[in-house]
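One chain, subunit A, appears in both complexes that follow, with subunit B as partner in the first and subunit C in the second.
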Partner chain A sequence: MIWVDLANATINGIVIGLLLALPALAVTLVFGIARFPNAATGDFMTFGAYTVVAAKSLLALPLAIGVAMACALTALLSLFFYWWVFRALVRRSPVASLIVSIGIALVVRSTITFFAGQSQYTIEVPLVRAWNFDGVRIVPTDLYIAGVAVTALVLTFCLLHLTPLGRRMRAVADNMELARASGINVGRVMITLFAIVGFYCGLGGVLIGIKAVVLPELGWELLLLLFAAVILGGIGSPLGAIIGMLVFSVSQEIASLWVGASYKIVFAFFLLLGVLLLRPQGILGKVRAVR
Partner chain B sequence: MSLLMLEDVAAGYGDTDVVTGVNLQVGDREIVAVAGTNGAGKSTVVKAVMGLTPRLSGSVVFDGHELTRIPIEKRVSLGLSYVPQVQNTFAALTVLENLQVVERVANRSQRIKDMFDLFPALADRRRTAAGDLSGGERQQLAFARALMSSPRLSVLDEPSAALSPALTAQVFEQVRRCPEAGAAVLIVEQRARQAIEFSNRGYVMDSGRIVLTDTSANLLSNDRMAQLYLGQH
Partner chain C sequence: MVESFGFNRRQFGGLVAGLTASLGAGSAWAQNTRPFKLGALNSITGAGGVYGPGMLEAIKLAVKEVNDAGGAAGRKFEIFAEDDQTRADAAVLAAKKLVEITKVEAIVGIWPSAVQLAVMPITNAAGIITMNTSGAPEIDENDKLDLVWQFYGSNVIFGRAFAETVRKLGYKRPGVMAFNNATMLAQARYFQKTWEEKGDKVVDFIPYEPNQTSYRTELDRLLSKKPDIISASSYLPDLTIILKEWYQSGIPCKFIAPGWSANETLARTLGADVVDGILSVSNVPATQNPAFKHFSSAFKAATGREPETFAAASYDMVICLALALQAAGAEATPAQIASKIRTVAEQPGKKVSSFAEGRELLLKGEKIDFDGASAPLTFTPEGRSTPDFGIYEFQKDKLVLKEVIRLT
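What follows is the complex of A and B.
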């Protein structure tokens, strides 16, 4: 039966990995383009999850509209903090932006707690029976979640590699000074970046809220995992962030078969250390000699 | 009237001015070289023109526009282009993308075709990431990227750095042909003698100041200046 357990753990790991790939992508995009690790990413996810809870419970809106609201409002929240705070720190040390982002995370979480309290909420979706293939269980809801995440990720890659806006974003990530000297409006690129980041944090928060329960620490507790996945995949590499998150998530779920849920994250971090020993730049990170 | 005019420019980093009292002019379709010893402030002058120095005072006027009040990204649309000394291409973007990403280019697809005609080696490597090109190919790409917007003035910061003599000759030949294409050139070069040879005029810098300016012929015939600042190549 071990292969059945392995298969179930792998499927679960892939689903969680795919939905967490959205905020991991947000982390790596901000790191690659705005050049700082955004510690507010997790709490933006929490904001997205609570927006759906509020939309369903207070406004009795359908889930789909709640999800759209969550993505839009989290994008606005992300833009607000870019415009108010991060914009002024563009030429400062990344450490300054990191510290400020931790402050923003605390502000967002405290505000959520002030209005919603410490109670746990759930984002209810219609109950459906899992498909059972000789013990290998696939829940249709998980497939929808994975489908939404994959669609969002594919759209991001199309944006980055097939559109002029994506080229501009990659150019700014590569060399901000040269980008400006090439006529690229870096401010507009940053606005687009923080809108996309907010959108994905909101969507990721809703999806993880559907899989788990919604509470004020939902995103903050995932932050270390997101940063670790980004490092594992190669800092600044969007595809690396997704692969890193999938590897991290699947390895955790498989580890839980032997070491239990409490220690599964330790196994994943050992894996991270092992990969970095062999490949310090991460799975898809590149070391380029540029003159 | 000069296309570019610097008046009493001081520029630098932190609390320090690297260059002071710089007065420099570039006329329409003119090639002007800036020479001098290492650390004389040559690159700081071109960075000041492009708005890339944190400290700047004095006046930088391009085609009647006071540049100190214009954001860097808008200078491209005025007709300025810039090739930095290092990191002068987008390493993660392909050759083609490096050309596509330049803003404010009229008839972009034709312009890209023109650049590939001008630099055939790049056409063969259009899908290659710029970071994987050889030094010479990368320098050609940097030059092509700067020419994409059909500039009226190209500002080049040591375009021959780290190139072989053969590749340097190729790059200098491209620079020499810029006025035919309608562009003036302000070039900073370590190979000062070669650069001044194909320039109309030259400026010699020492310790952050311009110590001599003259026509190229006069600079090259001034034995003492040539010995002190221009070197043997």
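What follows is the complex of A and C.
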């Protein structure tokens, strides 16, 4: 029944991959447009998850409103830090922004633990049994999670490729100075970017909170994985980030059928090494000329 | 869902101030010897916040009992309480304060292994005694100076308790899942070893990585071998995810897990449908001992609830320490006091169940064997006393005690 195990592992990998594709997309968008690796991505996710916990337990709001609130508040949080810190660092070296983003990550996480403590929370959704097709099991909750993630991802691609705003974002990503000279308001593009990033981090955090448990380290622990997936897919390429994440998580799950669970992460990173040896720019990355 | 900490920091501060004041008032009794400074390093907030306040209360009750009897070797106990927030970094700061500024001679009431391991270098360097309810086998291995004392079962013994229980309940095909760290792997391996001693085999042994979003593939791999019970050496967050995914899979199987993860919080999180029938193993206090009976009534009078094992163990720490101080004499160093801890709790001494009783016999030059509230207190060469194991089962979302077993 090897194919049953394979199918189950693949399904699980796809669900996790789609879910983590949201923050991976956030990482790659910031990298492509604002040109720095945003280490606060993980903790924005944590913030989103805790927002839902607070909305449900303190305000007794229904889940859907809680999720909307989490996305909106995380977007505001992300905008706040852009307005306060990253805006001033736009012309500096990306290293400055990276270090600052690590600081922001710490601030967000410590603030959360100050109010919520270290103990675990859960986002309660009714637990339902999986549909069983001769051993291949699909959990309805996972379908909803994957559905939400896919919808959000499709919307971003529509935004990026079908709207004037998306064209401006891509123009800034391509060459910020040239975009500015052509009359594009770079500040407005950045505001849109950080709002989208916050929205996706919040949504991703909530989905992970529903699937797993809500802990202060929820997002931070995923950061390495997110960066690795983005590199695998090609830095700055939105579709690449999603493909990278899917390849990463599906290969991890399939690997854990044969190698010990402790080695599944190692296996995924070996895959990353292999891909980078053949395609140093990542699966969908473009080679950039150095000026 | 939100854990009740019972105390906030301000209340805690007030409590400590009140405590010091009340101790001051009690010292009207003239004495010439200096007080014995006792550090209480409890997990008042954080994950251990469920147990910490009760442990501090037990320490206060024991200190009162010692001081009411006139102190140990003429020295009255003075408590200095600190909150370690169930975090190693906060604990190190608190321990430094206790050791370097307050200059305590012993620290009692440590709950998590992480805290005990983090403060051990500080307390060992200062040559002072620490007493804990921690399960990490590394503590036993690294306590070269014999200053660290454990009043709770080691995770290794827990593994054996799991295997004995599973066998007794008639399961034939156990599978093992373990959180991949030294402590939990040790527990799981000991389960496997105990199980396979009689020629049986575990169906599979699957260690899993910490901090994963999903453990479904690991779980599927184990479930495909058709185990009738899974021994989960887990912490609360990972056990929550595993049980969620197991329930969703719809595959029938039982689980046995340690009491620090299979507890009321788990039941509240997952609901009665999921946890019903899951077995939970934890140390239980020695309810038949006279020491437990008088401690428990004093504890109930002070807090309005039954003491759990951690509180009973904290009470025993102070009484053991006081008896050892009594035996070692007022001028003894902490190391000399530590060397007497075994002798006040071992056969063939005369059984005693309170400080006053023990002190009287020690003054007459007799040998004593203190039987505590948490256990009969027989310390291994590594300095560990193991209370009895209670096997609980969730009936709906309530934990019900099925039986008590003794392992040493």
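Throughout what follows, the second predicted complex is superposed on the first by the 286 of 291 C-alpha atoms of A that agree within 3 Å, B and C clash if a C-alpha of one lies under 4 Å from a C-alpha of the other, contacts with A are read in each partner's own complex, and residues count from 1 in each chain.
Here, contacts are C-beta pairs under 8 Å (C-beta built on N, C-alpha and C of every residue); 3 or more make two chains touch, one makes a residue touch a chain.
Predicted, not measured: the structure shown is a model, and the values here were computed from it.
Chemist: Clash or fit: how do subunit B and subunit C relate after the overlay on subunit A?
Modeler: The answer is fit.
Chemist: Quick check for you: in the superposed arrangement, does A:A39 touch first (subunit B), second (subunit C), both or neither?
Modeler: Touch status of A:A39: no partner.
Chemist: Identify the partner contact of A:V27: answer first if only subunit B is touched, second if only subunit C is, both if each is, neither if none is.
Modeler: neither
Chemist: Once the shared chain is lined up, is A:V250 touching subunit B (first), subunit C (second), both, or neither of them?
Modeler: neither
Chemist: In the superposed arrangement, which partner chain does A:A212 touch: subunit B (first), subunit C (second), both, or neither?
Modeler: Second partner only, subunit C.
Chemist: Under the stated touch criterion, name the partner, subunit B or subunit C, that contacts more residues in subunit A.
Modeler: If we count touched residues of subunit A for both partners, the winner is C.
Chemist: On the combined arrangement from the superposition, state the nearest Cα-Cα distance between subunit B and subunit C in Å.
Modeler: Between subunit B and subunit C, the minimum C-alpha distance equals 35 Å.
Chemist: In the superposed arrangement, what residues of subunit A touch both subunit B and subunit C?
Modeler: none
Chemist: Going by the contact rule at the top, pick out the subunit B residues touching subunit A in the complex.
Modeler: Checking each residue of subunit B against subunit A gives 50, 52, 71-77, 81-82, 84, 86-93, 97, 100-104, 131, 135, 138, 145, 149, 161-162.
Chemist: So in the complex, which bits of subunit A are touching subunit B?
Modeler: Residue list for subunit A touching subunit B: 164, 167-168, 170-171, 173-175, 177-186, 286, 288-291.
Chemist: Can you check the complex and tell me which residues of subunit C touch subunit A?
Modeler: Residues in contact with subunit A: 1-3, 5, 45-47, 49, 85-87, 180, 206-209, 211-214, 216-218, 220-221, 224, 236-237, 240-241, 244, 247-250, 265, 269-271, 273-274.
Chemist: Quick one: which bits of subunit A touch subunit C in the complex? Just the residue numbers, please.
Modeler: 1, 5, 8-9, 12-13, 15-16, 19-20, 53, 57, 117-122, 124, 127-130, 132, 137, 139, 141, 208, 211-213, 215, 217, 221-222, 253, 256-257, 260-262, 264-265
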